[in-house]
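So that you can tell them apart, the chains are marked A, B, C and D in the order they are listed, and the count of residues begins at 1 in each.
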Amino acid sequence: MDFSFTDEQQMLRDGVGKFLEKSYDFDARQKLVNSDAPWSADAWQQFAEFGLLALPFSEEQGGLGGSISDCVAFAELFGRHLVIEPYLGSVMLAGSALAQSDPATAQEWVEKIVSGEAVVAFAFEEGHGTASPELVAMTAQGGGDSACLTGEKRLVHGGADADAIVVLARKGEGGPPAFYLVEAGADGLDARAYTTIDGRSAANVSFNDVAATELEASEEAVEKIIADAIIVQSAEAVGAMGALVAMTGEYAHTRKQFGVPIATFQAVAHRLADMKIAYTKARATLIYTTALAESGAATPRDIAILKGQVGKLGRAVGEAAIQTHGGVGMTDELSVSHYHKRLLACDTTFGDHAYHFRKVGMG
Amino acid sequence: MDFSFTDEQQMLRDGVGKFLEKSYDFDARQKLVNSDAPWSADAWQQFAEFGLLALPFSEEQGGLGGSISDCVAFAELFGRHLVIEPYLGSVMLAGSALAQSDPATAQEWVEKIVSGEAVVAFAFEEGHGTASPELVAMTAQGGGDSACLTGEKRLVHGGADADAIVVLARKGEGGPPAFYLVEAGADGLDARAYTTIDGRSAANVSFNDVAATELEASEEAVEKIIADAIIVQSAEAVGAMGALVAMTGEYAHTRKQFGVPIATFQAVAHRLADMKIAYTKARATLIYTTALAESGAATPRDIAILKGQVGKLGRAVGEAAIQTHGGVGMTDELSVSHYHKRLLACDTTFGDHAYHFRKVGMG
Amino acid sequence: MKIEFAPELEAFRAEVAEFFATAPTPAIREAGRKTTSVFAPFKECMEWHRILYEKGWVAPHWPVEYGGTGWSVEQRFIFAEEYRKADLPPLLPQSLGMVGPLLIDIGTEEQKAKYLEPILKGEDFWAQGYSEPNSGSDLASLSCRAEPDGDDYIINGSKIWTTYAHHANRMFMLVRTSNEGKKQQGITFLLLDRIDYPGMEIRPIVGLDGFPEQCEVFFEDVRVPQSGRVGEENDGWSVAKHLLKHERGGGNAASPTLMRYCERARAAAEKTPSPFGGTVADDAVFQREIGELEADIASLGHFEKLAISGHEIARDPAFPSMNKTINSELVQRASVLMTQVSGVDGLARQLEALRVGSNVEPLGSEFDLVSMPLYLNSRATTIYAGSNEVQRDLIARTVSGS
Amino acid sequence: MKIEFAPELEAFRAEVAEFFATAPTPAIREAGRKTTSVFAPFKECMEWHRILYEKGWVAPHWPVEYGGTGWSVEQRFIFAEEYRKADLPPLLPQSLGMVGPLLIDIGTEEQKAKYLEPILKGEDFWAQGYSEPNSGSDLASLSCRAEPDGDDYIINGSKIWTTYAHHANRMFMLVRTSNEGKKQQGITFLLLDRIDYPGMEIRPIVGLDGFPEQCEVFFEDVRVPQSGRVGEENDGWSVAKHLLKHERGGGNAASPTLMRYCERARAAAEKTPSPFGGTVADDAVFQREIGELEADIASLGHFEKLAISGHEIARDPAFPSMNKTINSELVQRASVLMTQVSGVDGLARQLEALRVGSNVEPLGSEFDLVSMPLYLNSRATTIYAGSNEVQRDLIARTVSGS
């Protein structure tokens, strides 16, 4: 049993971390968020060079055959730096959906994703949020390479800028959830773009009789792809939590009120303690669940526990960080609230903690 | 609009308060709880002399025509002194059930209750607790003075020692809830006596074809009697909360650790603040709901809010009091834990806070 | 102990409801629905202020002789309830709720004559200059300095978290006039007739919700007349404490606003499918949670009503702090519930659609448009006006046990 | 990062389960089911201790050379899980979990030779004499005094919250041997061979649950040999801190016990009608609550497994305090849930029915018999072994941010 990152993973972390420290500090990130660009093409290129875009794909597909713990290793750093690039959507979700499908088109897209040539969005959420694949209502007509989609998907990261979109929809009325590929610019496709509270480019995408290609996928494959994405998203959230704990601790030791650092007030100290406890619990569950998934032993209950815990604890850490920072924690200028908004977004997508806890309780 | 106690009510409070200070201090109370007596006949006699046993009954019935706020006025003191006598069961519940019924037998029992000659128990709760009259399952066969009861009632305060028991049961299969009078020693009646965690004598009472007299009661009357009892029980709980806030504040200012009173530790100070907030909220809701009830305007939602708030906040105050007292708060010797156990009992009977909050939420 | 429900109250409720149904302009209504803070959009809010002034209803909590309404507790509650049901923008508290009542209590006759009427009429809007970058919870450590110079003071320093200073035309503030003795001594309370004195600079601060609600105000050799002083020089701390009583005690009850948030959440929940089947409104867990929240809001309402009626509860020295603590934490809880109902539809940043008069359609419903900004903005409620940590310190001091 | 699930683990699980199904006597089983504290009923607990000793399984967390089992992390967890599933009484921690590991770490060879085997065999039971009436959270202020006298110490003073002192035959304690310097200096750690030295008096304290679990121990000119000292004179504080690491870090994982509470609550909920229809087990609100609790217990389990596997998490200086805080608060939450399922059936005080070997039938189910005493007793978990306030102070000190 080993719960530590391997030397290779540690090297990857060091490399990605150094790049982000240098080129993706908070000011640069904010400039990017407030620019017209949906994300940084430079950063994306750099991710490609680190091999991140190839990581989860098999070597036959031009990938590196990486494991889920490889992804977790650097995703924590993505969270620490509030990275806005659509890694989860393009690589973990759309990429994995394409990679496990037979059609030649799908394989071509995988190659483009791996090389960084194309970004593919992933359309999953419907109104108010879609907690799990079994709740997807959008239904495809037809199949194979002449499928047809009608309906709306929300919160599609990169949905207005991607080169293609992989859509999760039901295979005919009452059918199982399956993946469909739609190319950008397809007739009947309409994306309303916006920026999310956590700084990502997203779109609500409406489909009006849009031509699509069905991707082969078993129900298990769909579950597995979503589960892996939840693990990687959780790693991002845990990375953001760690950053908040550190910066809040530092602030509390620097900021003086009543002539002393506020960390000397027990109410503040105990809040710091609770933040550390929350972060430690979330990280322990992230690491253990990653190891389980790596061994092929993670159950839906394990994933629900991870998603629920990270969602709840992340929110709590964010709120505590803002309260401890006081007024400056309420500003757009400081990074604190941006971390909190990222944590809120992580909690809310793929079902919030209330949903997942209840699933755990249903046994 | 007046939310203060009248001069008369204040006088009653003073009188009852002085008596309890003198004759019902914690040591005396513990001696009583640990004795074979189910309650103090002396105290009961004294309650009769104060007019408490006659208070809620009309003057035609030998009562004092008191109002619900009269009862609340002294019930807070019952809570402050952890009184174990079955006032709620015998006077507020059984007594009121008898008082609104026509049969001559019922009126005779009212007179005996008023004079202190008899104590009548009230049997309501069934397995695991019965949150409201609509959930009563026990069903009476027949009616009038030849009704017949079979089943079990739990947590009947004074159930093994009372001179009679008023039972809430359904009027035939699927019928509305109604009251039935059973005399002590009736054939088929069996009481298993015990002491509750909060020091009261109670019994689980089984009925095996027991002869009973049906008491006239509309469904509204049943609801009203339970609602009034909930208000008076809430007053007891609020009285207990007030006592805990005061004694915990005093302890925190006296007890020293690390060379200073523990009240100087912000974690302790903030807990004291939260206790006071909880107590103040509970008391505001008690007083307002009492005034509403006095005006005949209290709805089931108002009662549910009171019961839920007092239950939840009482528990929180009790737990905070124990934590602040530390080890000594865990002992049987100090009163702190006894207050907490009374608050737990108040929360648990007639539906706990979780039940009532959900009722509020159901709208 | 009794509540008298006079029959004319229902007539009063009808009168109020009728007025609220007819008097506000569409823009005022839109501003009300799009209020995601205790501070409503400025322009429409002041428009509405002036309409209420014309009606005579702008300051129910002021004494009648100064323009109050002389309503009973029930009337004030009915007014507040109907106000919230109509989703109208809450009036800004700085002038009506803070400096106005303060001047009524301890202003000079001259100050009253000069300032009260423009406040009522909505001609003036006052900013509050208290906090400084290094004096937040520890307000008494403030260092923005005023040096006497003839009949004037010369002010140097800065203020922060000055809400809507960029909209204000006047400002009340605390300045340091002496460094001797305890830090609470040596503070002076000043009224500034203008907010554009030479040497003053106002910089809005963008908040985490994307809106510039707060400001920094910088003073460089700003000359203001000493006649603007309230109370004695170096006695401003007791003036500020007096004012804080109004700020924390609240001239207006907060529970109707909170109950309205619950109503809006319930209405939205009725249109939202639950992942467990049916609508969220029918879901047992939602009912359990909103029921607990509503019960707690009801308790705040009881507390407020007792206080307004003159019950001893309002004379507890901890009353203002308890009121502030309960209220602020309930706002946060209510807004969390609202964002839960909105789900992913709350994750879009929609600054333009939120602007009053915008022709951008919201992405989800109007409810989804406001829930997240309200949640984000409400994180401030436990920080401002004396953080809840400071409030709990104050409350604890009143629990002596003997 | 990988978990190896060796096939032989299932065989190990079967072996453990088989042993637990056959080895305990009926009284031991009953004691396990009736355990409402971290401290199981003494007599049956020690009986079971001796059976486990015979099997060689009494101290899985001890080094093999001292009688440990040498199991892997997974084996230890499987052992703990099966142990709890069989509802067996937990072994008492004072000897096996505290003084034993301490002596293994820093005892003299003589002390190890003398004390370790009787602990393993269950012949000795050690009481822990730390707290004093005026030294609770502030343990270092203790004043129970030991004066050197020839080869002995003469002890005067008292100890409190000495769990099961009335069952113990030996005792380890902290005494003050000097008043010079900081209060942490001048403390000495002593082993007492007997608990019935002349001048010692033990008085049980009845707890809020009605049971005498704790004791006061009084010392009047009690003469004990200096050879019982662990470490140097006046250096007992560092010895105690070393031991606290074992107490708080926990040789044994707590999560299987907590998960078992949930299982018992679920089983009881299946038999309990909900006021909203169906059983409590099927109720959405119950599922929401137990789901959250189980998820949190799962996180504790992950934390424990990482720690046992040697992950860096266990080297965090805040680890013991975090472990204690998380564990104690989860015990309390689990017990609250249990009492909610029991409802009014938890309100009867049933001391006699709870006694092992009692022939009094419980009033409700056996679950209802234990839920309330467990809840009441668990209020102590956030107080003892360093209150959670003290733990949070310690944790906060490790959050420096840089």
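The working rule: a contact is a pair of C-beta atoms (placed from the backbone, for glycine too) under 8 Å apart; a residue touches a chain by one contact, two chains touch by 3 or more.
Predicted model, so just to flag it, every value in this text is computed and none were measured.
Visitor: Using the contact definition given at the top, which chains are in touch with both subunit B and subunit D?
Guide: Under the touch definition, subunit B and subunit D have A, C as mutual neighbours.
Visitor: Comparing the two chain pairs, does A-C have more C-beta contacts than B-C, or is it the other way round?
Guide: By number of C-beta pairs in contact, B-C is the larger.
Visitor: For subunit C and subunit D, let me know how many angstrom lie between their CA-based centres, rounded off.
Guide: The mean C-alpha positions of subunit C and subunit D differ by 51 Å.
Visitor: Indicate the whole-number Å distance between the mean C-alpha point of subunit B and the mean C-alpha point of subunit C.
Guide: 41
Visitor: Centroid of subunit A to centroid of subunit C, CA atoms only: how many Å?
Guide: For subunit A versus subunit C, the centre distance works out to 38 Å.
Visitor: Pull out every residue in subunit C that's touching 2 or more other chains.
Guide: 276, 284-285, 288, 389, 392 - these are the residues of subunit C that touch more than one other chain.
Visitor: Which residues of subunit B are in contact with two or more other chains?
Guide: 265-267, 270, 354, 358
Visitor: Mind listing the subunit D positions that touch subunit A in their complex?
Guide: 1-5, 72-74, 266, 284, 286-292, 294-296, 298-303, 305-306, 309, 311-313, 316, 318, 322, 325-326, 389, 391-393, 395-402
Visitor: Touching subunit C in the complex: which residues of subunit D?
Guide: Residue positions touching the partner: 276, 283-285, 288.
Visitor: Where on subunit A does subunit C make contact in their complex?
Guide: For this pair, the touching residues of subunit A are 125, 127-132, 135, 154-155, 192, 194-198, 202, 204, 256-259, 265, 267-268, 319, 322-323, 326-327, 329-333, 337-338, 340-341, 344-345, 348-349, 351-352, 354-355, 358.
Visitor: Under the stated contact criterion, what part of subunit B meets subunit A in this complex?
Guide: Subunit B reaches subunit A through residues 265-267, 270.
Visitor: Which bits of subunit D are touching subunit B when the two form their complex?
Guide: For subunit D paired with subunit B, touching residues are 131, 134-138, 141, 160-161, 205-208, 210, 214, 272-273, 275-276, 285, 339-350, 363-364, 372, 376, 379-380, 382-384, 387, 389, 392.
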